[in-house]
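A, B, C, D and E label the chains in the order they appear, each numbered from 1.
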């Protein structure tokens, strides 16, 4: 089923990746291959194992069996921070921020995350603000500059989603894993986010989970459909969306009509 | 469900750090604090004044963990006490000037903090509190039983106060105060530096949301461990001075009630504020001192009640409440008034 | 710092004499000494004033009390403050070894008197003794030696000793073993236990397994009660094994009930109903406080009274002069029988008593708990001064 | 059955709702649309009684419930589907479903729930939060149905759901409506809202800016999409 | 061999106190998210209560076993209503600190009222004496404690896992707002559960009265060992608390037998090992990672 092209390098490759929760196989022998530089969408019914797969790829969960290669290096079983240091960044499906810090401080922290600057307990915190232009640029991109100095506890849900995205961007990742980046956003924001993702995807690899087919359709080079922890179908968007199995298992007739 | 950071106390009852950024206010506070430290032994019996400053550093060191990392250590007596013992032993056996002995004690506390911290930081929240408490209890038992070294329940008596042969400092606690003060002030400055550094910012982010910090690439355990060790070191500095001040070391310094006392000071003053520790230490030491000769017996009754009241009514602590009021007033200036919560 | 200037009293600093009681008024030692020790000291002052009337060398005598909350660092600060700032001429009582040793250091530093009553450590009159510090009532050697020797001589030959594994317990266990062996008995084993400890079942099983005549326990306070309760249930008593206790206070018996301790042996420094003189004072004490005195209360009375007598003799509160009057003094009072303030180590030696706890049926009135089995003469009760290692430097 | 007049809400000093008036009739599905931060969630929290810093009146089933505590409102027949789903980690899926009390005889039985959401039956013994995001959403909806609420307050129920499941949710809402209950539906998914709701409110910056019936709503869909993104 | 058996049985008997009290601690934590520092103090109050009932009203152990838990339940209810409830929505650390303060106050009050030397207690005749269990001789009372505590633990476990009460209470704790919005009157449930946990601590105290020194301080060290017990068992895990309670009793007994001075340190060493190998404790659920 996997079409291995000789020339394109591979960003992520999993072999027989499996995660079992107390006897429940959430991810079941998945062989996934994401080509470097592509936008790869992961879709599938609720509970198909998409978020779990993300958690495995980013080290938040340890696989029951199987291996994970990121840029040809084995990261199986490594903790999240180590994986992040290999240039892998993720956003969370359920927003996850530092409630008492401002958006600006979030981005500053994210920019510092991959350096060893964070250990400098003898330096002034002003060190963090050094890259003001970058910080504001990142916030501008997601439309949060206006709210840069508000503690994020006071932001609305959609604004928090946007901040999530800017944090991922700040890490300058080679590989981005976006878990439902547009969930909870208004239409206008969705379009803007699509644009944003398209822009930042240039020169990067993106793996994307979204239930919004418009997002998937307009961004993804390739789509993998998961069902019950297994790969159901894989291919370009137009091919997959017309796949009978995908229609019955996921898209449904109504939406497709 | 979002929680307002201002109107309701979030996880640790800490306000966003934005407040400390008013530079002018910061300098005024600093000047007031320094002056107070300098004139203290004129108004308060010098050994007691010394205790206040040492305890203040102790509370501040604890606050690095409690207020800024979100880790309640209920076993900090282990570092305070062990540094006191090591300081005392060095001073007794080698006759070095006391600052050297104190540094020795602090270094020991940091070394001890490495294994204890390594184990403890794997847990967070309330687990962390319980685990540190248990480990401190272990250290206490060791101190109790290893009486050849520690003097057991008799304590380590007769710790000298060598100070480059300067007699006045060595015998008069008034002058000793000024000799030891710089060490403690340096410790406080270090604490301030730590929480207002890039490192401190990472600690706060870990406090607020650990998985998120991980995803940003921060090696959370390492950060917590370093914070733990630094906190232990500053605690050790304070404990060492305390030991020299008293001229002996007793097992109570290792006892869990000492851990509880310092937590009280930090909470009473307001966690996540640093200044709060100073205030808390001042009040707690003065209270104990006053009650000793007041004829009122049952200091724990007072201590316990204060604990309960502070936690129930002034969760931000004294300093924290003041700071919070100030913050709210700032906000009010920018927003129209709404009705009170019903 | 430094004491106040010499005042109107001529030879008395501040024109008055200040006796400071520094003890635990709220913690574990509260019942044994605590606030009632302050009352005992006040009784001594009253008695002194009544005795000398106008002839007293000083008119104004103050008694102050301070709670060290069982924290040695507070004891330390308070002692130095008492001496330096509050004109205390003498500090009395001070339970808890660590606190007492800290106060002794302050006494030495400030050259003021310290008469310890309630702390048991031999270090006060041994390695850490000094010119201004006296130990008035008892010490661990006296407790262990008295019981060990006398019980063995009375037929309890085979011993097993259970002791809490810290300084006090270790010392007691050693002195006890020495005493037993010297008196012709054998110590089958010494069993260290953690401290504090609630559960002694295992230790008792172990101690009973060698069929000793006596089990000696060096536990004190709550641990002692734990051990005795569990001893009583263990069936060892029925097997004819006796229990000898290292340190016990009459308050322990009172709180747990005589039936629990019945027939237990221990050494006491004094007992309120041991003779008419003691009894008469105990009656006064009862009227004053509503309870019977412990030996620590009587000890405080005695220490205060003898201090005042020495001041009267010296005609000044100057510490060196008072110490000179106290050293070598032979005393008989309510508390001390055949007492002597040993000049060499400042240990106040006196007769001690091996007592047996009465059976409930023998008890005739409140606090009537002890029967004196033997009197241990002063010379034997305490370790010889030569062995103390004290140099009074 | 629900009548809200002049509702104002504050967070501390910041006002989030400005004189909002909303009506939901029996057997009526009303949608509430508006961009992020418009105040939709705040409105729902006021209605269920969790946000107390309010002015104005809320009438439910002809009773003034403005001061009534949340649990009594729930017992009177309000059901809530929380925007972050609110699934209990310490309860199994089944316990999550068994938890709420029955408040009317319209309450769904467990059989009916499991029939409608077979995944939940399979995972019934699993701790609630181990379900996937979408499964949790189903669980939250199912839990609200278990009470037999007369008025369902649904905060973005289609979020994160696969299209098939969204379609099923639509059917369920129609079923609920047919049984005579009212639904206040918060939706960003305009297409979905149009298929189920009878009337639509548009909320912007804490104010109701438009009230439309469904035909009008459909007609102006394109324009409204723009409007939502003001 | 028989010595080993003897130690084992003694260890289990000592473990019963831990198990029973840790059970109460685990329930309070599992249900309210409160780490009750005052649990040792409640245990102490149970013992003191038994002693006072005997002294003033002449009520024997049998009556105390009934009356004290009821009284402690009432006391727990008061404490919850008056103090604990205000902090339930906040970080559990606040309640930890609150109960720490409460401990100081309770211990001090008992000291003031009943002194520091301890209170007497007498065992009813039926429980005196010893039983011989095939070579292992055990005080009858120890056996009684062991059996009683096992029975109570099983009963409580059934209630908490099998009943609707357990479920409601867990929900009310985890998300009180939501629980209210689902129609549950949170306050009505949380309070009695707290009372119940307190009653269990009190019960452990009553059982300890004939066998242990009844002093104001008796709970202090006990509480710290209890913490070790629940960390080993997994905080909030009811089964874990009970099993770890007995386990710690065993470790203590064998430690005392073969490495006497280190018996207490051994418990903490065990705890450290558990944290290393299974951070969530023997029966704890893993803390969520994402």
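Criterion: a residue touches a chain if its C-beta (ideal position, glycine included) is under 8 Å from a C-beta of that chain, and two chains touch if they have at least 3 such contacts.
Not measured: the values here are computed from a predicted model.
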| Just how many steps, at minimum, does a route from chain C to chain D need if it may pass only between touching chains? | 2
| request: Give me the chains shared as neighbours by chain B and chain C. | output: E
| Between chain pairs D-E and B-E, which one is joined by a greater number of C-beta pairs in contact? | B-E
| query | Once you find the CA centre of chain B and the CA centre of chain D, what distance in Å lies between them? | reply | 49
| Any idea how many Å lie between the Cα centroids of chain A and chain C? | 74
| note | For the pair chain A and chain B, the C-alpha centroid-to-centroid distance in angstrom is 41
| query | Taking each chain's centre as the mean position of its Cα atoms, how many Å separate chain A from chain D? | reply | 29
| query | Which residue numbers or ranges of chain B touch two or more of the other chains? | reply | 1, 4, 6, 11, 141, 145, 211, 297-298, 300
| Residue list for chain A, restricted to those that touch at least two other chains | 60, 92, 96, 154-155, 157
| said: Could you pull out the residues of chain D that touch at least 2 other chains? | reply: 11, 14, 82, 84
| query | Can you name the residues of chain E that touch chain D in the complex? | reply | 30, 164, 167-168, 170-171, 173-175, 177-186, 285, 288
| remark: The chain D residues in contact with chain E across the complex are 48-50, 69-71, 73-75, 78, 80, 82, 86, 88-91, 95, 98-101, 103, 127, 129, 143, 147
| remark: In their shared complex, chain D is touched by residues of chain A numbered 21-22, 24, 44-52, 93-94, 154-159, 180, 183-189, 191, 211, 213, 249-252, 254-255
| query | In their shared complex, at which residues does chain C touch chain B? | reply | 1, 25-26, 30, 35, 64-74, 76-78, 80-81, 85, 96-99, 101-102, 105, 109, 121, 123, 128, 165-168, 170, 194-195
| Of all residues in chain B, those that touch chain E in their complex | 1, 9, 11-13, 72, 119-120, 122-127, 129-131, 133-135, 137-138, 141-142, 145, 211, 256, 260, 263-264, 267, 297-298, 300-301, 303-308, 311-312, 315
